[in-house]
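Order of writing sets the chain letters: A, B, C and D. Residues in each chain are counted from 1.
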Amino acid sequence: MSGSNQGKLQLSGRGVACVRGGREVFSGLDFAAVSGEAVAVTGRNGSGKTSLLRLIAGLLIPAGGTIILDGGDAEMTLPEQCHYLGHRDALKPALSVKENLAFWADFLGGERGDAAASLTAVGLDHATHLPAAFLSAGQRRRLSLARLLTIRRRIWLLDEPTTALDVAGQDMFGGLMREHLARGGMIIAATHAPLGIDSRELRIGGAV
Amino acid sequence: MTLIDLANPTRFLALTARLLPWLAAATVILLAIGLYQSALAPDDYQQGATVKIMFIHVPNAWLSMFVWGVMSIASLGTLVWRHPLADVAAKAAAPIGASFTFLALLTGSLWGRPMWGTYWEWDARLTSVLILFLMYLGLMALWRAVDDPSRAARAAAVLTLVGAINLPIIKFSVDWWNTLHQPASVMRMGGSTLDKSFLIPLLVMAIAFTLLFVTLHLAAMRNEILRRRVRSLQMMQASRVAFSSAGPREGSASNEVGAA
Amino acid sequence: MSLGPYASFIVTSYAAAALVVVILIFWIVLDHRNQTRRLRELDRSGITRRSGRGAMDAS
Amino acid sequence: MTALAALIRRDIRIALRVGGGALIGVLFFLTVVVLMPFAVGPDLALLSRLGPAILWLGALLASLLTLDRLFMADHEDGSLDLITMSRTPLELACAAKALAHWLAAGLPLIVATPVLGLLLNLDMVATGAVALTLLAGTPALTFTGMIGAGLAVTLHRGGLLMAVLVLPLSIPVLIFGVAASQAAIVGPMTFGAPFSILCALSLVSLVVGPFAAAASLRHGLD
């Protein structure tokens, strides 16, 4: 496990500002998170929850401020140590469940061997050879979660992770998140619904 | 067996299983007779032995149009009567029709080489067949482009019927284009009526190839029905997984239902 | 029977026709095998059609 | 390396599966070339003179028009985010995607060339020359077209706009591709001079294309 035998992680942002389409989404945002901790980013629609996650993931360039990770792998940039689970599932309908997962394992540097175990963990082990096109929205989400497990990254960036999941799926996901935190991982999740685990709330764009 | 009876795919499969061996046997016998007769056919006084190419070229050219006709009727079946097997028939026919059209082109150009000195001449007839071939390929691409067969069926049916209406227009314009540019320079197979010694083997070969098409078409339709069955079962399997993951108890229960 | 100076063209056309037909037959037989195999696998994993006509599939 | 190989394998697999567009490019090529004689007339001598140009134009359009979805599909389903975040440099990932596209959509064009050469009354030498120049030139088309595909993601628009942006960029390739084929068929130039320029263009685009596409993708993300 890459998690437990490495040092403590500390992710901190200072004065982070985000401008999208000429509009300032938020500015002067300070936040911090340490390993073993889950941070639930909340706020009304359009307050910049997704933008914050994408800033951390390096998919957006901050208009101001800095985001620093202490204690991580010195040879890797911050985005390379994150796994971003966005609204979209990054699955190819033409490929089978197994092929989808194996590709991301090869491309992002996970263990192919973990793939089968991850599929069992999310309850998709019966569907491994089926095309991803046959999966329902909830099952596609489950497959994305399996990718999260296969590619072991210490920082999980989750954007509304529980949408499309049924109650059993949310329970399963809660368990996975607790396990990840226990291994010394870090979770930053943008969410409206309760996350299902103990988390610290980070409210952005409070002024209405 | 009426058309209504055939609407049931399972009954269709049973019928196909019974019919296919007989059809295959008839095809083989007729092909053997046809080949024997065309081997015995005399040489043409103008074309020599190359006239033997005619015995496979003409049946293939005939089938290239016949198959499009079959697909057009099937498309009507899809759009008008909503016969459940119509789009299966249309889809299964396309690759077979394309193969026959390809053979018509190939044998045509192999026949043309000794006659005209080039493999390809932008002759009205060959050009029309080439366009027909392209339309077959386009139709196959359309079937392949859409994952859900019932959704692809409508689009393919419309395209097939538009093609059926357009083909005579294309043929006419190509004729006109061709005569405009090179007035009757191309020598076709003697304009006079065919001699009996050619006609009989040609007819036998044409019937044999038609039977071959029917046999292959039925077999391909059977495959297509099975493929769709596999698809729907796989989709059921995909949705069942969600149940079984809810708890081990439910999963084993569904297995028992399946085994019973 | 002599095929004259253009024997190769005649033989090539007959061979091509035979080849294409054989490929077609081969493809159809292979496809049939694949589909029946998949149906059998699905059957084994306990997925049957709602109409319960699984017995007819073998025919 | 396994990451890039996996990306190439995946893209080729998708292109060849149901719904993939690999063979539609060839079909387009075939159709465009077959249309030409209807405009020019069935004069075989004329066709054989125009043949290389017709084949090159057809291949150019076929390889560029299939390109506009190169990054769009990955952008729409979120794969591009993960590719950007990965340890694999985005430039290399772009190059791998373009290579996969060329293998799936570009190579079949070259395979189809001899058949089309027959239709246009090109002899063996001419067909060989055109096929060889296409082999050397189509990578350049794919790798310059990739820039347009990257811009399409930035602009949220594909299709014709992309073609308008990219077609001017491919003029040099067209000039030297056709020139090399003509040189091999009728002279008076030697085949070597335009052909080596064509190869040089391909090599340059192999370097420039991925960087430009990656830069445009980075700015297009939001």
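In this text, contacts are C-beta pairs under 8 Å (C-beta built on N, C-alpha and C of every residue); 3 or more make two chains touch, one makes a residue touch a chain.
Molecules present, by chain and UniProt name: A = Heme exporter protein A; B = Heme exporter protein C; C = Heme exporter protein D; D = Heme exporter protein B.
Just so you know, these numbers come straight off a predicted model, no measurement behind them.
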| item | value |
| --- | --- |
| Dominant interface by contact count, named by its two chains | B-C |
| Distance-to-centre winner among chains (Cα means, whole assembly as reference) | D |
| Greatest separation from chain A (Heme exporter protein A) - chain, by CA centre | B |
| Distance between the centres, which are taken as Cα means, of chain D (Heme exporter protein B) and chain B (Heme exporter protein C), whole angstrom | 32 |
| Distance between the centres, which are taken as Cα means, of chain D (Heme exporter protein B) and chain C (Heme exporter protein D), whole angstrom | 35 |
| Whole-Å gap between the CA centroids of chain B (Heme exporter protein C) and chain C (Heme exporter protein D) | 14 |
| Distance between chain centroids, defined by C-alpha means - chain A (Heme exporter protein A), chain C (Heme exporter protein D) (Å) | 48 |
| Sites on chain B (Heme exporter protein C) at which at least two other chains make contact | 147, 234, 237, 240 |
| Sites on chain A (Heme exporter protein A) at which at least two other chains make contact | 93-94, 126 |
| Shared-contact residues (touching 2 or more other chains) in chain D (Heme exporter protein B) | 18-19 |
| Touch-based graph of the chains, sorted into line, ring, star, complete or other | other |
| Which chain pairs touch, all of them | A-B, A-D, B-C, B-D |
| Chain D (Heme exporter protein B) residues within the chain B (Heme exporter protein C) interface of the complex | 18-19, 21, 23-24, 27, 30-31, 34, 37-38, 41-44, 47, 118-119, 121 |
| Residue numbers on chain A (Heme exporter protein A) that touch chain B (Heme exporter protein C), as the complex places them | 93-94, 122-127, 130-131, 133-136, 138-139, 142, 166, 168-169, 172 |
| Interfacial residue positions of chain D (Heme exporter protein B) with respect to chain A (Heme exporter protein A) in the complex | 2-3, 5-7, 9-10, 13-14, 17-20, 76-79, 81-88, 221-222 |
| Chain D (Heme exporter protein B) contact footprint on chain A (Heme exporter protein A) (complex, rising order) | 20, 54, 57-60, 76, 79-80, 82, 84, 86-95, 99, 102-104, 106-109 |
| Complex interface listing, chain B (Heme exporter protein C) residues touching chain A (Heme exporter protein A) | 147, 234-235, 237-242, 244-247 |
